[in-house]
């Protein structure tokens, strides 16, 4: 199989799949014996990516693989294909989602603590049904509350490759002053964030963050 | 709107639509005032069509409009995206295959004799179609029944150089004994493999602990 | 939301009373009839708050107050006005709003207590916990807005699905593990009683394999020379195995042998399928 042929197959498969495809899934399209090298597939992908320059489409790497999609520059026109407008999500849902994304694994009680209000079951149900959030396990405390975390689908939906790419979390102002007393009162809570720290450090500090294993 | 921009919008819309788009539907993507000429859309389409030359996709005109499709040249690979999982063979088939492998040349009547039940034509047909079994000849007795034996493909599939490499029935008997002992000691439990245990014994023992799902 | 109508006074705090509102010093206990936001709109407005922290943040931001130095008395008073309003509108008031009101009142009273001059002002600020919670909430409120801005499927970006017209739905062949086959064999042998009587070793298996090989060399239509069945290069053992295989095949009536004259060439052919025999697949 020559390079052009491989590139043609990869392009057609990515366009036909309807979901992001990982390199492994692309490899599985080939029978044993004709299987190309991983590096050849990667080369085909980057060649396809540069073919997209100046066009209304792009080939992006997301959490669960590569996906062709329309660029936001043309979305104004493309979205007219459908009568229905894209759904809007409530602030309550987005705030809950943000807390799960940045502080996973997190329990409902912890979300409620930070938001200052109860989280309706409707919201967690919606997030679970959309497969943006899943239950990672249960905390070993009375009641064994569920620990929530985000999924690959969440990242795919919001065009992200990993949690690192989430917008940086805002800073806590004048933290030294406040922390001095918080440390006394709330051991284990609150943390200092230096300016310029990247989002994943914040995640790790903020949530006893263990890398989330996706299935 | 320049030509390139129009072409970009048309390409992205055709890829995103999931169904054929007519020229009129493509026109409807544009607001009044910015609407291009029909001829401009047609030009964009034929330019996109020639871009597909030598690639794995094509932009075809169908009854209800234009649609991108994977070319039949790549469908062999693309189809693998939706490949079903392989079914499993029945216990009856595996027993028949094992008897043919160990007791070849063997007639159907002899297989039935050992198994104690009739062998369906479906089973022999499947084995013959898979090219694992073939008819070696016929026995010179009333009815002149076919004699079955295994093929080179059978050996290749199981990575055997010759039938000699199949574990002997004697070994199997030993295994049976060992199994019985293990059953007493470790009902339903796994066991640690000793270094240096012969591979086929381990295989057979392993099989008892890994329940095989038969149809 | 900056020019909302309830910010209708700028008077010094009056801590003892909790009137619905104060207009030019006069406490108001009923909703003004000429309130220029219709009650339904006000309801929507109040429902837009995501809880007490959100409401407090709104009050602070609206007046460009420093979150680290909240004029607690003022903010508390305004907060209570809103809570009263919500009650008035008979909104289902979440308990959290009342808890916050109590907390604000507590902070306010602690602020009023005289503090020792030499004490570090920061260390004992009763507002610290509130400030922490407000900031913490604000970060995630902002994060939620940022997430909302991310390019999203179906809104800012669209996935593609092209047609695959020549979809070949080839059903893959089942996989068989050698183990599975051995398992099947042990099972079937256990079932038949043959297991007890047969002790088959490698040797007979070689003969069986050779029987298969011999059969594959011959066919029912033409005779083949007996000697062609042997491969001398295999040596003595190979020749013996082939010979035993041929004898076994004869014994089992699988082949026919013909010798036209004594010491003449022996010819072998396979037994033909009978015409009326059962049709084997």
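First chain written, first letter: the chains are A, B and C, and each begins at residue 1.
Keep in mind that, in the parts below, a residue touches a chain if its C-beta (ideal position, glycine included) is under 8 Å from a C-beta of that chain, and two chains touch if they have at least 3 such contacts.
Computed from a predicted structure; not experimentally measured.
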Pair joined by the larger number of C-beta contacts - B-C, A-C: B-C
Chain nearest the global centroid, as defined over all protein CA atoms shown: C
Chain located farthest away, centre of subunit A as origin (C-alpha): B
Distance from subunit B to subunit A - Cα centre to Cα centre, in angstrom: 33
Whole-Å separation of chain centres (CA-atom averages), subunit B against subunit C: 26
Rounded Å distance between subunit A and subunit C, as computed from the means of their C-alpha atoms: 12
Multi-chain contact sites of subunit A, meaning residues that touch two or more partners: 12, 15-17, 57, 68, 70-71, 78
Sequence positions of subunit C contacting 2 or more other chains: 158-164
Sites on subunit A touched by subunit B in the complex: 4, 7-9, 11-13, 15-17, 21, 25, 28-30, 54-57, 68, 70-71, 73-74, 77-78, 80-81
Residue ranges of subunit B touching subunit C (in the complex, touch as defined): 12, 15-16, 18, 57, 67-70, 72, 75-76, 78-79, 82-89, 91, 94-95, 97-99, 101-105, 108, 113-116, 121, 124-125, 128, 130, 135-141, 143-147, 149-150, 157-159, 162-164, 166-170, 172-173, 175-176, 200, 203-204, 206-208, 210, 212
Residues of subunit C that touch subunit B when the two form their complex: 158-192, 194-195, 198-202, 205-206, 208-209, 211-212, 215-216, 218-220, 249, 252-256, 270-274, 277-278, 280-281
Residues of subunit A touching subunit C in the complex: 12, 15-19, 57, 67-72, 75, 78-79, 86-87, 89, 91-92, 94-95, 97-99, 101-102, 114-118, 156-160, 166-167, 169-174, 177-178, 180-182, 185, 190
Sites on subunit C touched by subunit A in the complex: 50-54, 67-68, 94, 96, 100, 122-123, 125, 128-129, 131-133, 135-164
